[in-house]
Each structure stands twice: as C-alpha cells, then as structure tokens.
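Here's the structure, in structure tokens; my notes come after.
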Amino acid sequence: MASREIVRYKSPARTMFSALVILFLIVFFVWTVLPLAIMLISSFKDLLDAFKLPAEGDWGGIGVMFDFEPTGAHYVELFTEKNFGEYMRNSLIASLGSAVVSVFLGSMAAYALSRAEFRGKRDLLFWIISTRMAPVVAVMVPLYVIFRSSGLVGTLPGLILAYTTFNLPFAIWILKGFFDNVPYAIEEAALCDGANRWQALRMIMPLVAPGVGAFIVLCVLFGWNDFLFASIIGSGGAKTLPVATAELVQPVKIQWGSIMAAGVITTVPMMFLGLLIRRYLVTGLTMGAVRE
Amino acid sequence: MATVTISDVWKYYGKTVAVKELNIEVRDNEFLCLLGPSGCGKSSTLRMLAGLEFISSGDIYFGDTRVNDIPPKDRDIAMVFENYALYPHKTVFENMANPLKLQKMNKVDIAERVEWAAKMLEITELLQRKPVELSGGQKQRTAIGRAIVREPKVFLFDEPIAHLDAKLRSHMRGELKHLQRRLETTTIYVTHDQLEGMTMADRIAVMHEGVLQQLGTPSEIYNHPVNEFVAGFVGEPPMNFVDCYIERQDDAVALVNDSGQMKLLLSDAQSRALAEKSADGVVRLGIRPDDLFVEAGQGHGLDFTAKIFITEPLGGDMLVEAELGDDRLTIKRKIADMGQPGEACGLAFNIEKLHVFDRETGEAFF
Amino acid sequence: MFQVPKNALYKKISRRKFLELGGGTAVALGAGSLGVGLGSVITRRPVYASSSMEAKWRQYEGSKLVFMSENTPPSFAIRDNIKAFYDLTGIEVEILTDGLPTVQQKVGIDLRSGQADYQLNYVQDKPIGSPFADFYADLNDFSVDDTLPLDPQGYGDEVWFENYLDACGVYYERGPIRAFPYDCAVSCTFYRQDLFEKLTKDFEADYGYRMEFTDETTYKNMVDFTAFFKKMHERDASIPYGYAQHHGSFGWTTQLDIQRHMYAQNQWLDFAVDDTLGSKNPGPANWGDAQSVKAMEGYKALADVSHPDNLTNGTLELNTVYAAGGVAMQIQYHEFAASVEDSEQSVAAGGRTAYAMGPKGDPSWNADGSNNVVNATNCGIGGIGINAGASMDLQRAAFIFASWACSHETQLMVLQGVGGTPTRRSVLDLPEVKAARNRPTSMPNALTFEAVYDKGIRSPNMVLGPKLPKANEYHEIVRVGTQQCISGELSAQEACESVRDELNAIHGV
Amino acid sequence: MTITESERGIQDPSEYRGVRRIDHAPQIFNNQPARYYLMWLLLPAIILLAGISLYPFVWLIYMSLHEVQLAPGKSDLWAGFDNFSRLFSDKNFARGWLTLFKYSALCLSVEISLGVLVAVILNNSRLEKLFITIFLMPMMMAPVVAGFLYMFLYNGTFGWYFWLLRSLGVLDGGSILGNKFWAMFGVVATDVWQWTPLIALITLAGLKRVPQEQVEANMVDGAGPVRNFFSVALPNLYPFLLIAILLRFMDNFRFIDTILIMTGGGPANATKILPTYLFDVSFKFFELGRGAAIAFTLLLLTILLGLVLTKIFEDPTRKIKSNGGG
C-alpha cells in the first residue's frame, strides 16, 4: 500500500488554514477536558470555596477557581459516613457478575447461533438485538414487578440479572460476530484430532478470548454506569455508585463537593478500563457494526 | 494400513448435488489424488471421508468397517487442511501433541512421538514457537506433523500446499511423496493442481461436477484421457482442441477443421476406433503442445503453413502460438528464432498422439 | 435477609391474589409462585389488655418489618436511632430510603399488588397519600386497642399541630386515619437580615419605605425588594439577587409555591372542595377565573425580577443557592434551617438569616378589591402509614413502630439530632426546645418555630391544598402552566386557562 | 449451494480473526444431533432473555389494553384501544415526540459535524493518539454523573459555564437551564460533550478504510483536500455515519438519565422528550395503561430503527467491516 502521508505544498492560505485548525483543536481539547478538570478540582473544594466565582466579565478573576485550600474531606466523608466503600463493592459485584454471566451464556448462545442453520434464525437474532435496544423506561414497570415477585429487588443477584437484560443481548450479538469470523477449519481439525464437540469448542475459545475479555470489560462498563435499573431494582440492599451519587442531592441541600468527589470515584476506574480495551471500544459501542 | 472403499456415494446440499454416484476403491498404502477444479465435489468427498460431512447416500468403508455413522474422532484418520488450521494459541509442540493428548497418551510418550515427527519433518528447532512466528512452509510442516504423530489408518490432505509459493510447493511435493512412502499409510490427497496429482499420486481420480471422470495412474490419465474434460484439465500447457469434421476418402479417414485449412489423415487403428464407436460428422480433435512441430519460415517441408501469433520463451523451451485458419494452436518446442508475429511458419502433427472426442458428449473415441 | 426464626408465624408472606396488576399473565407464567416478600418476618407472643407495658412493647419481639421511606432528614434520623426501637421492642425495622419518584413507584406497585413488602410507608400527603389513600390501614382500629402499647398522649387531633392530622391522615372522607404525622415541612421566609439592615437606607431612598420583613410584608413589597436587589446586584456583583421561586423539575414544590401565592390573595383555591378532605371528583377547576389571573400576573411580576436561574431551582437547589449567598430571600421549608445555619456550608449562617412568615397577599392584587389577604403558609406533612395489604399481625407490629416514631420522645430525639420537625404540640413546650428558639441554639430548626408553629400554621394562614387521586398529575400540570407563564410562552390569562383545561380534562369535566 | 474452494481460502493463516468464512455451515454443525447440541448451548440464554424481555413485553401489551385501576380490590378494566386513541388527543404526547426529534436532531447534527471535522483533522496527524485517549474520558462517564457535572457547570450561582456565557454576553441576563431556549442547548451540549468523541472515533475508523488509491487518483485529477473529502472520503464514510446516527438516536431515547437529572423535562416542558413524559405518566401519575401505550409506540420506533440497523449489518457488500481486528 502507498504511504499514508499526504503530500502538502505550502501557501499562505494553507498557513492560515493550519492556524485555524490548530485553534479549533485547542478549543475542542479544552471543551472536552475542562468539565473533567472542574469536576476534579471541585471535588477537593469545600462547599463555600466551590461557590466562589469571579464577577461577570472579570476574566482576570479566573484564578479564584484555584484559590482554595484543597481538602480530601469529601472523599473521606463518602467512604466513612456515606458507605461509598460498600456501594463501590456493590457496583463492582453487580457489574462484574452480570458481565461474567452475560459473556458466559452469551458465548454459548453466540457460538450456537454462529454455527447452527435453522429457519427463523434471522428473526431470533432480531429479537435478541431488539431487547437490547428497547428503552428501559418502557419495560421498567413489568420488570420491577417480576423482580419483586422473585424476591430479587434490592439484592445483588437481582441487580446482576437486571444488568443482564441489556448485557446478554449485547454479548450474544457481538460474540456471534466474533465466532462468525472464526473459520470452521480449526474445529474440524480438532474433531479430526480426536476431540469431541465440546473439546472442539474449547479449542476455538482462545481465538475469541481477547475479544471476550474486552467485552467483559464493556459489560462491566454498561452495568457500572447504569442508573435506572440500579435505582429501581437495586436500591435498598444493592445500592450502586450512580444511585448513591444521585442521593447526595438529598437531604436538604445538594452536596456539590461530595457529588463531584463521587463523580470522580465513579468515573476514574471506568476511564482506566476504557484505555485498557481501547481497541474494542468502538466495536463495542456500535454493537459490532464498526471495526477498527 | 487400510483400504478405503467409497461405494455409490451421493452428496446433496439441499437440492444441489455435490457428489454423484461415486465409486472409488483406494488400495492399502496407496497415494490417491482427487483432482478437479473448484466445485467438482472432491473436497466434499474428502470431508465425507473425514466425517465432517454426512453422506447423503451410499457407504464408505475403512477396511471392512462401515464408517458412515462414526464421528471423526473415532475414525482414526488424520487430516491436513488447506489453511493448516493450526491452533494459534498453542506452540508447534502443543499443536502436534494435541491429538495424542486427546488420546490420553502419557506425557513421555507424547514427547517422544512429537520429537520423532518433528525430526522427520526437520522442524525440531521450531517446537516452542507459536504459529504466527512460522513461515508458510513451517506451518505446513507443523500441520503435517500433527497428522503423522498418530499413525492413523488414513491420511487426508485437503490442498495442503496450495498456499505456498511455487518453489516451496515443488519442494514439498517431493517431501510429501517421500513421507508417504516411508510411513506407508493410505493417503487421499485433494488438489486442483494437476501437476501435484501427476507428480505424487499412485492413482488419480479426476472429478468434474460431482462425477468421477476417470480413475487411473498418472500416465493413463495423461496419455489416455477418457474425455475432453480430463484431457483438457491434465497437462500444462493444456491440450489444443480443434473442431473438425470427418471426411472419408475411400478407406482413409481424414479430419478436416472447420475452415478447411487443416486435413489430417488418420491411421488405420484410429479409423477403426472411430468406426467402432460409429462416429461420424463432427468431432473435436485434441493434441498436446508437445505433439506438434513448428518451424520458422516458408521452406520447412512441414504439412501445413500457419501464421505466428505470438511466441513465449520459457528459458530452454518456448511456447509458440500459431494460427491455422481460424484455430489457434499452442506448440511447445526447443527455443529458436521463430520470427515476428504474423510471419509464416510450418506446422506438423504427431498423428500417433491425436485424441478425438465426441463434440457433443466430450467422450474420447481414442 | 432470608433468615426466618424458628418460631416465625409464617414462613412466607401469603401470596394473596398475586398482583392484580396484570396478574393473570404473571400467574400463567408461573412467576408468582416465587413471592416471598422482601424479608419481613413476624413472630407473636400473646398479650392482653392487662399485660404490662413492656409485654405490649415486646409482643412482636423477633419480628422484622420493612419501612419504605424517602431520603429526608427525619428518615435518616430515625435510622440513626433505630437501635433504641429495637432495644425497646425487639422488632427489627429495615428502613429503605429512595428518592421520592422511586419511593412513589415502589410503594405504588407494592400497594397495588396487595403483596405488602413494605408494611410501613412514608406517606407524603400529596404525592403518595392522595393517590394511594385507600390502600392504607385505618389507624383508628389500632389507636383504641388496649393490647398495643398506646401513646399516653393519644393520637387525637388535638395532640398534633393544627391541621396536621387532617393534612396527612384524612383523605376524601371523615373517619379513617390513614397516617400519623411524623415530620412536616412548613414554609416560611428565610431572609438575609444582615443585607436588609445594610441596604434599607438605599431602599428607602428609592421606594419611600423601609426594607424590613414583617408579618405585614406583602408579595407586592416582595417584588419591590427583589427588584431593588436585582438593581443593586447589577451594580455590585457582591450583592445577591433578591429572590427566587421554586420552579425546578419537582412538580410538587412548584405547585406549593404558586399555591401559597394564590392563596394569599383572597384565599383562592384550585377547586371548590374542602381542603381537609380533598375529593376524588373535584369538579371544575377555579383556574382561569379573574382572581387567579390577577394573582398569576403578580407571580409573574415577581419572577421577572427574581434570580435568573429561577426556573431551574427546586427546593434543594434553591436552598443551595441561598446558602451560597446567591439570593437574599427564599421561601423555604423550615426543616432547611439546620443546613442554612451550618457555617461550614453556608454563607448565610451565624445570625445572618432571619425567619418570618410567608408574605401576605396584596389587596391591590385582589380581583374583587377586597381586603382579604393572608400570610399564606403551606406544608408537606410526612405521615407514617401502614399497608392494609399486610397481615393483621404485621399491621399491629407496624403500628407499634408508627406510634413510637411519632411519639413525643422520638420527635425530641430527632430534633436534637439532625434537625427534625416535630408534629406533636407537646414537644414545643419542653424547656430545652423553648430555649433553643434563640441564638445560639443547638437546634437550628427551632429558630423558625415562631414563624411556623406560632403563626404560619394557624388559620387562616394555612392552606392544605387539594388532595386528589391524580395529585401528581395535578402538580405537573400546575408546574408546567406556571413555567409557561413565567418563561413568557403564555400570558397569565392563557396560562391559567391552559391549566384549567388540562385539570378539567384529567377530571373528566 | 456448494462450497467453492476459493471461498474457503485463507491467504494468511495467522489472520484467523477477521477472516470471512463460508456462509454455509458444514454439515457437522447442521445435522440433527449437532442441532440438539447447539440448541442446548443456545437455550439458557434464550430462556433468560425471554424471561426478562418477552415476559415484560406481554405484560406491556396487557396493560396497554386495560384501564389499570387505582383502587384496592378492583380488577383492571378492558379498555380496548382507548389508551392508544387517547394519545391522539394528548398534547404532551405529540409534543414529546416533537421534542424528542428536535433534541435528537440537534444532538446529532452537532455531533456529526463536529465529530467528522475533528476526525478529519486528526486522521494521520501526530495528535491522533493523544486525542483518542482524551476522547475516551467523557464516554466512560456515567450519564448520571455527566448530568450532575453539567448541572454544576450551568448553575446560575456558582456554575463556571454560566459565568463564561454570561461574561461573553451570550445569555442576555438569563440562565441556562432556567431558560426555555437555552435549556435545550444545555442538555444537547451535555450529550454533545459525551458523545462527539464516539462519532469522531467511528469516523476515524471509517477514514482508515478510505482507499488511499481513490484519494491519490482524485488528487492527480486535480482535487484539493476539501474536494477530496466530499468526493472520496464522505461517500466512503456514509455507512459509518449512518450507523452512528441510528445508534445515537436510539440511545437518545434509551438513556434519559441526563435529562432527568438536569431538568426533569423542564422548564415548561422545553426538554420533555417522549421517554421523560413516559417516565412521568408511568412512575409519577401511575397511569400504567396510558404509560404502556406510550411505551408501545416507543418500542415500535425501536423496532423500526432496529430493522434498518440489522439491514445495514447484513449489508452484503459489508463495506463497514474490515478484515483484521475485531
């Protein structure tokens, strides 16, 4: 393939253009990072410092933002008084549990769907994917009743199951794409080598393993960030970080410092996970439609 | 160490027939080549032998055992795949050890077997590598190694060297042949490359559109193709075909091409053969490029005068394409100066080596 | 959570008619057979009218109840003190807290299904009480039962503050009491006395009268104050805006805010029904009449000079703005005093804030020119209700808790802790509570008691607001209509008419 | 159908992942015993999914056809299609759809144009790696947290974005979330902040797949970079952007956390997209029948979009998928 470098020739117009482009990139960079920076900074401010703002139009007053005595009090408070350690554990167990369940059941189903030919397969696939696309609010009432009648509301198993409602179809759909791309030959070779079907399936699992790993992480991400299910199915015995964060609005006053600290706690682990699975991220977020 | 009998086997995919009424008996220790173009049913046949496809009707026997309903793992076969089908996450050693491991052989024996095979294939120093670190030829050897460690009853090869480069391919041909001789294992080898079949096989089964065309030794196939398809498929460069009609002059029989520029008098034996098969009217003449003679210029004393279309030097030899009337013929000869395209040249046929086919059915008269 | 003591009366909560809500389908699919409840357990020891008080308290020792509550200070306070209840009764109470919408939803489904996972509910009078009143047990059945540890003060109307029992316990008919008042949020004005004192001269120069907040201050004065602050703010950014209303996404508090304003003028009400009872069929709404339009115009006038973020602030947000020094006045629920007085989180703490009744209506805004104006005050009374779907033993055990939670002692305990809002009159008579009304105080909420308990909730200032089965929809309609007027989308006249039409539509008028 | 040799071919066996396989499964997977085996693998997931999706769906239909009663002991009344026909006269319903489309159109148009612009600039630039890392950060944030963060930034008393806009003289003395006009932009900006990076990443993935030969041919033909973008890159990007639009649109009504947190649909219903209205009807008003009918219309849209999406997924030309990766 030819070089990817594009040959450019210099001209005044192009210099202007480059300057504009750089300006645009800077603005975009600031626009993307600034809220995160403010969140981080505010999480170390006590409430009264957070309220400080320069006068309108007083551009020189921006320094006010950094004029504060950093305090870790919000973080300490979250973990000592507000039980965030427990909520974090709940978040982790629920999202990881659901990810493992989804990917385990999902890879079996995906393998079957990838290998089997039967009438109505397309319809089945469509149904699976549509369960993932359905708006949560639309099905929340009946779901809640089912969960409650099974004694699952407010429990971690319940939350795991709730997250599975969106993680499982996702896992099936994505993993089917993976298995579709695994040639039959390897299984056939295994069969000829004397393997039975189950051993043959195990033989191709390492081929999809990196992807499966990445999608476990993605499922964790979806579960971790979920709010509606967590607040309605989970709250009570299995409160997760987003719900606990939302509850910092109460009582009496919005605890902005704590909310920002909780936001940092909720977001940072996911950012690291995101970096970890960077290669699969776009694939995952587009339901496998776009591959990098 | 076993005969393989394919008895009246049919294979359907839905309504499509992939293999039609196939009967082949593979002898013990024989190297049989299934040869044919894409979609001729040779792979389906091999996969039925392996147990990877089910037999629509008919039977397959290994020795005296009917294997139709036996799953692959119990057939005692080893298969080498076109794309090698190595387990990418396992080392060469683990790849080769896998069948033995599945047989629950103990570790010491496994190591011994694998090393034996690796030595035979000269890949001992690669044993700890993963497939990604191997070249095509090394992968191929690994795949073969995986097949031979078990000493199976039957080897099945599915175009094992199709993806190697030309030089390596010719090298591997020799090695495979040698290996098979050494191991003395019944081998069925699928390929679309006639050269592989010709060079390696004890016998070749040529297939076309699901039907076995001809089963015979390479020389039988080459020298006595039973029909136009086999004749055209085997041999490189391929056989020339010229549409002719039969002209009888008293006792003699001549073949005349449609433009009338060419007229070949057949020998008595050939005439008889035509008469026996009651051929009359139109036929198709086949002649291999080796069996034509061509000389440059006018004063050559050969039977016909043709026109040079193009010449292709091949080092010591050369190919000459010449136009005789409306027909274009490829001739192979020692290299020489044949003049420019469009110039005249002399042309002659080795009448003994003529093949004549029914223009309708393609069946060979001789 | 699934542990069941050996002497448990029922191993599981009876399935009852599983979920009439789509129950047919559910039962058909067999999910219903799993109904175990949320882990409540009941064990009983027989007691008699003549038994000792301790025996009555401990008759359900070893039982477990679930209390579904909103995440508000009293609930947290109760949770902090739940050990006292356990020590007293041996009954374990699991207190689940959620945001109001979630509580509404869970409680709604629970009540509708007749399954009673939550035996005890935090009955916010309008959002939960009004729609689901019929699902709650009549507490009269228990409050005369000698075999229960009854409160020595009793549960009659007279032991609670004026109107409280009506507000949260009486729905649509006299007789049954659906909930006991357990906490209350009563509106009063919080204002920055320091700023008022500092700026009153400037104000007097402009407007010709002193800027003071008294019981006679009217909404029209409020417009003047607010306009003045706005003007000052534009000149000097360190001076806050004057006022902000409650117009966030929380329909109920927005409705309460406009209701106060409307009621202050001529004691205008939405419907021609008795507020203490409410109605399932309230009939045509009064919205769109001359008085409502006139009052709405005044409301809009106030909004126009208020804090620019006026339409985003619910109660909490507004209180945060006030604590941040963003506004000089807010009409706020008195339970918020504790947070405003917290000097670590509020610039309005330490004597800067004073408390007064809500403003009076202004006679000039009365459509009929009458002089009928009041210091309108309204409230949200949180009651404790008992799910009528629970078994009788569970209900009785739940009553023991409800009675304890609303008792004099518990209310004092809560008041001393996070900052409760007592509902029993007797609490106010305690010397330490009386003392706490003045700074420095250990119970900041007590600073509001004069404005709230002594004046605000007294007739005719108190407005209960309509109890309607469709209360939540009503709140939302009023909120949207008001916002449409304030945002300039509709004129006052159009907004009132739009509210009227939508209210009439939901009530089939 | 027969298996042709060429279809089975794999040029470089080390690249198993990403190689298209034959469409027709070998019969070893396609006979009776194999099907039972595969069915057993499939069954647990299907049963679980049916339990948590089909069952609620049946229930939804039941509720949408009944007047769900709000009094103890009363059974639901058969309402036929009343719940649906009442939607036609429901102002808020129509308005909810309109707001949803407006919201989505705003979000998508900004996200697409910004995302494509950024991606085109970054493609093959030295900054690409850095920005890709930056892009991850907003996407990984829980929508609830994003909602709170922007609420904080927009706050009329201490919000930095509020201060910025006021200082620039944009807000004209008003507020962001408290103003009907600006509130919509406020919630849109949050979505844009979170999801433009995804569009940019998708576009980058697409740009990598624009055949370099086409670009070069076009340049030799005398096209400048802008021409080049429109005549070569954009047509190649089209399927990627279509996917992005569909997915984002679907998410716009799947996730309402941000709007619920930030405005609850206000002020004056300015940001009340249909799902938030549905949230009110079902969870605040407890009109379960009407809620189910609204939910049904939303599901219908989902199914329609889903059909379009799966059509693209099944696109025989498979422009979107590349070999390698995955």
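Order of writing sets the labels: A, B, C and D. Residues in every chain begin at 1.
Assume a residue touches a chain if its C-beta (ideal position, glycine included) is under 8 Å from a C-beta of that chain, and two chains touch if they have at least 3 such contacts.
The shown structure was predicted, so the numbers you read here are calculated from the model rather than taken from an experiment.
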item	value
Identity of the chain that, by mean CA position, is farthest from chain B	C
Between C-D and A-D, the pair with more C-beta contacts	A-D
Distance from the mean Cα position of chain C to that of chain B, given in whole angstrom	91
Separation of chain A from chain D, taking each centre as the mean of its C-alpha atoms, in whole Å	14
Distance between the centres, which are taken as Cα means, of chain D and chain C, whole angstrom	39
Centroid spacing, where centroids are CA-atom means, of chain B and chain D in whole angstrom	55
Multi-chain contact residues (two or more partners), chain C	21-22, 26, 31, 105, 320, 324-326
Interface hub residues of chain A, defined as touching at least two other chains	51, 56, 141-142, 145-146, 183, 185-186, 188, 191, 207, 246, 256
Residues of chain D whose C-beta touches two or more other chains	8, 10, 16, 24, 26, 28, 55, 59, 63, 157-158, 283, 288
Touch list for chain A against partner chain C, complex	46-48, 51, 55-56, 141-142, 144-146, 148-151, 153-155, 231-232, 235-237, 246-247, 249-254, 256
Touching residues on chain B, where the partner in the complex is chain A	50-52, 71-74, 77-79, 81-83, 85-89, 98-99, 102-103, 146, 150, 156
Complex contacts: residues of chain A adjacent to chain B	183, 185-186, 188-196, 199, 203, 206-207, 209
Touching residues on chain C, where the partner in the complex is chain A	1-2, 18-19, 21-22, 26, 31-32, 34-39, 71-73, 76, 96-99, 102, 105-106, 109-110, 113, 115, 117, 237, 316-317, 319-320, 323-326, 335-336, 338-339, 344-347, 418
Interfacial residue positions of chain A with respect to chain D in the complex	1-2, 4-6, 21, 24-25, 28-29, 31-33, 35-36, 38-39, 42, 50-54, 56-59, 65, 105-106, 108-109, 111-113, 115-118, 124-126, 128-131, 133-143, 145-146, 161, 164-165, 168-169, 172, 177-178, 180-186, 188, 191, 197, 207-208, 211, 221, 224-228, 241-242, 245-246, 256, 259-260, 262-263, 266-267, 270-271, 273-275, 278-279, 281-283, 285-292
